[in-house]
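In what comes next, subunit A is part of two complexes: it sits with subunit B in the first one and with subunit C in the second one.
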Partner chain A sequence: MTGMPGGLRAVLKWMPSAVGVLVLAGAALAQAFETQIYDPNTRQWVDYTPKAAARFYNRHGQSPKEFRRQVVQFRTAEKPGTIIIDGDRHFLYLVQPNFQAIRYGIGVGRDGFGWAGIVKVGRKQEWPTWTPPPEMIARDPESAKWAGGMPGGPDNPLGARAMYLYVGNKDSIYRIHGTNQPWTIGLNISSGCIRLNNEDVSDLYSRVEVGAKVIVLMQGAALYKGV
Partner chain B sequence: MNGFTKDALRKQTGTQLAGLCLLLVAGCNTSGSGPSPTAGSVRSSGTTAPTDLQLLCASKTAEELEITDGNVLPVSSAPSGENAYQVNLTFTEGQAVCIIDETGTVQSINKV
Partner chain C sequence: MRIGAAAIGLTIASFSCPAHAADVVIGVPAWPSAQVTAHIIADTLKDRLGIETELRERGTLTILSEVGRGNIQVHPEVWLPNLTDLVEKLAEQEKVLRLSPHGVAATQNICATRETLDQTGIKAVADLAKPEMAAKFDSDGDGKGEIWIGAPTWSSTEIEKIRAHSYGYDRTMTLLEMPEDVAMAGVDAAVSLGRPIVFYCYGPHHVFQLHDVVMLEEPPYDPSRWTLVKRAEDSAWLEKSHADTAWDASEFHVAYAASLETERPDAASFLSAIELGPEDITAMSYAVVVEGRPVEDVAKDWIAQNEDRIGEWTK
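This part shows the complex of A and B:
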C-alpha cells in the first residue's frame, strides 16, 4: 500500500544488468504470476481474483489453507532469521534452524509494482502511521486527506505492524506490513509492499530483528539494487 | 499340514483375492496420475523452481564463482527436463544459469 512508482526510479538504476538477465529468461516470463484456486464443481483451476478472495474469506473466515502460517522444510544456506519472499507463490519464509522455515501467506505488488532484490529490515514499528506518498495521492485523490499521516489503528492500511525495508542505510519506501483487508492475502494488489494478515505480521515482527536480510524473488520484476 | 493350518491358508488366500479385487476396482476408478486437488487448494498460475532450490542455486553459484558480496539473486526459473529446474541468476558483475534437480543437487553452473 505504501510503495509507489517513485520507488521504481531507484530500481531503474540497476536495470542495465537486469535487462540482460530478463532477455536471457525470455519475454514470456515478464508477466507476473497470479494465484489460482481449485473449483471442485467444475474441476477446473480458476483465477483467484479480489472478488473470489473476498468471497472465500467471507465464507471461511480465513484465507485458503496454503496461505496460513505453517512450518515447512526449507533447504537453504541462508542463516536463521533471514526472510525470503517468493512473490510468485505469495509466500514469505522466515528461515529457522535445521532446514526449516515458518511460511506465511502474503499479498504483493500488482502488475508494474512488483520488484525483486536483496534488502534488509532497517526499522520496525508497532501500529505504524501511514503516509501516502505524493505519487499515490496523484493517482488516488481520496488519499490526500491523509497527506499529513494517518494514525495507527484497525483502519490503517499498514495494519498492526510494519518492518521498513532499507538498502544500506536508506529507506527503500517498501515495507512488510499488516493490513486492514485480510482477504487480500494471495493477491497481486499492493503498490509494491508485502502484506500479511495482522496475526501473522505480529508473529513475524516478534521473531525478526532489525538488520535481518530480506531476499525478494519475483519473476520478471524490476530489480532493486542489492545491499 | 493340519486342519487348522489349511483353514488359515484358505482364509489368507480369500483375503488376498479380495484385496486384489479392491485394487482392480480402485484402478478402474482412477482418472488422473496424481491425487485430485481439494476444494480451496491454490497454486500459482506459473511454474517456478521451489523457493529453496532457487536459493541453493544462488549460494552454490556464489561459492563456485567466488562472489563474496552476497548479492547473487535468482531472477527467474522454469522446469528443465523431468526432474530439474533452470534458475537464472544475476549478480553485480554479470549473470549465470544454474541447473538443479529436485533433490537439491546442482548439476551445472554457467556464467553467461
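This part shows the complex of A and C:
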C-alpha cells in the first residue's frame, strides 16, 4: 500500500482469528482479525503479531504507516464529528467536512465480548484513573494494588485521554482511550476497549465533543469488555 | 423495506406532541422521507385547511394498525408489496383505510459498489451462493461472506431472509441485521478502503448519490416463484417460503383513514391528491441525512418551493 520508514514497504492484509462476540442491537456475529504486513525484502507476509509489532515499533519508533493518523477520503451521510469504528481493520474514523475523515489506527480486545451498534461519547477525561475490573484482579494479582484506582499518568493503561461511551445516558463500560503500550496499535491484544496511541487519542479528544455519535461497525466488533 | 419500530433509541429524532386533542393524528415512521412527508402533511393541513394535527412517532406496522383502530389517521409512506397483506385487510375487507392513488416508484435489490464488481467479478445475486464468491466478502474470517439484509424490524428483512434461503446464500453468507446507520457507515468504510461489499438496498435513497452503487442482476419478478409465509404465523415459515427472483415492482403511497372522507373531506381530498416523485423523496432523504438539516426545516422549505403543487392538491 504505502512506503514504510527505513525502506521497508509494508502492506497490510487481514487474517482471521476466531473470536466470539456479543453483538449489541441483536445481530451480527463479528470476529477479530490479525494483521499481516508484507516485507518486500523477504517477499513474505509476516504476521503482525505482538512480537512483530514491538520489533517494528522499536526499529521505527512508531506503528506502520497505515495505522498512523491521516486524512482520508470518506464519503458518508454521517455528520462531521461522528466517530466510526472498524475493529476488524483496526481503524477509527472521525468524520470531517467535505467527505473526508481523519483515520486513526487502533488496538482492540484480543478476545471476549464485542458488539456493534450506535452509542455516543457520554463523558471525556484527561489522564483518567484506571480501576482494574474484578476479573482482571482475579487473573492478574499484580493489578490488585490498583483495586482502588490507579491515578492517571504515563504508566496508566488508559493513557492520556479517555472518552466514555454511553448508551443513552448510561455508561456502556466501553471506552476509547490512550495506551502506555503504543506498539499495540493494529493488534487484537488490548485488555479492553479501543485504544489509540497517546498522541492520537489526545488529537481525537481535542476534536470530539460530548454527545458525539459513535458507530461501531457490525463486521468490526472485536471489542473487549471492560479494561 | 423499512417497516416496524425504530431500530435504536439513539437514532430516533424526537417530535413534538401537542397536549390537546388533534383533529388528525399523523404517524411518523423512522426514516427521513416519511418524516419530512409527515411534516409537509401536518403543516399543509394546518395552514391551508385549518386542521389541528399531532405527529406521533411509531413503527410502520403500528401506525397502520392504529389507523385500523381509529387512533391515527395518516400514514405518510406505506410500502408495497411489503405491506400488501395488511393494506388489503384494512382497505378491502375492513374498509377503514384508503391509499392515495399516486404511488412513488421504488426499488428493492441487493447492491454492491461498482468497485466490488471489478474486484470480485460478481454480477448476479445468485453468485453469492457460490462459496468461493461468498468468501470474497468475508470480513470476519469465518470463511463466509457478510451481507446486510436490513434492520431487524423491517418487514423486508424477513423477506430478504427468504430470498437468501431460496437463492442458497444463507449457507455461504452471514446475514447481518443492523440499524441502517451502521450498515451505511460500513459501506462508507468499505468504499474508503476500496474493499468489496454487498448489501440490501432500496430506493429512492441517498446512497445512490453518495456512492457508485450497482444493483446485482436477478431474474425478473415471477409471482409463481414467490411464496411468502410470515414468521409470526408459522414456525416453519422459512422452509415453506420461496422467493428466488427479483422483488416485484415496489411503490409507496400516502395512506389515510377512510373516516376522514366523511369527517374531514377536505383533508381526505388533499391526502388522496398528494403526488410525490422519486426526486422529491431523494432530495428529502439527502437533506435530512447527508446535510443534517432538521426534518421540520426541510418540510417547510419543500412547501415554500412547491406552493403551486400544494395549491393543486388542496383545491
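By our rule, the second predicted complex is superposed on the first by the 183 of 227 C-alpha atoms of A that agree within 3 Å, B and C clash if a C-alpha of one lies under 4 Å from a C-alpha of the other, contacts with A are read in each partner's own complex, and residues count from 1 in each chain.
Criterion: a contact is a pair of C-beta atoms (placed from the backbone, for glycine too) under 8 Å apart; a residue touches a chain by one contact, two chains touch by 3 or more.
Since the model is a prediction, treat every value here as computed from it, not as a measurement.
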Touched partner set for A:R75, first subunit B, second subunit C, both or neither: both
Partner chain(s) touched by A:V167 [first = subunit B, second = subunit C, both, neither]: second
First, second, both or neither for A:A147, with subunit B first and subunit C second: neither
Which of subunit B and subunit C A:G186 touches, first, second, both or neither: first
Touched partner set for A:V210, first subunit B, second subunit C, both or neither: neither
Touching partner for A:A138 - first (subunit B), second (subunit C), both, neither: neither
Subunit B versus subunit C as contact partner of A:I84, first or second or both or neither: both
Partner chain(s) touched by A:H60 [first = subunit B, second = subunit C, both, neither]: first
Partner chain in contact with A:A116 - subunit B first, subunit C second, else both or neither: both
Set intersection of subunit A contacts, subunit C complex versus subunit B complex: 17-18, 25, 29, 33, 73-78, 84, 86, 88-89, 91, 93, 101, 116-118, 215, 217, 219-220
Complex interface listing, subunit B residues touching subunit A: 36-46, 48, 51-56, 59, 69-71, 73-78, 88-90, 92, 94-95, 97, 104, 112
Touching residues on subunit A, where the partner in the complex is subunit C: 14-18, 25-33, 72-79, 84, 86, 88-89, 91, 93, 101, 103, 116-120, 167-168, 213, 215-220
Subunit A residues within the subunit B interface of the complex: 17-18, 20-22, 24-25, 29, 33-40, 43, 45, 47-48, 56, 60, 64-67, 73-78, 84, 86, 88-91, 93, 101, 116-118, 186, 215, 217, 219-220, 223, 226-227
Residues of subunit C touching subunit A in the complex: 7-11, 138-142, 146, 148, 152, 174, 176-179, 181-186, 188-189, 191-193, 206-207, 210-211, 289-290, 292
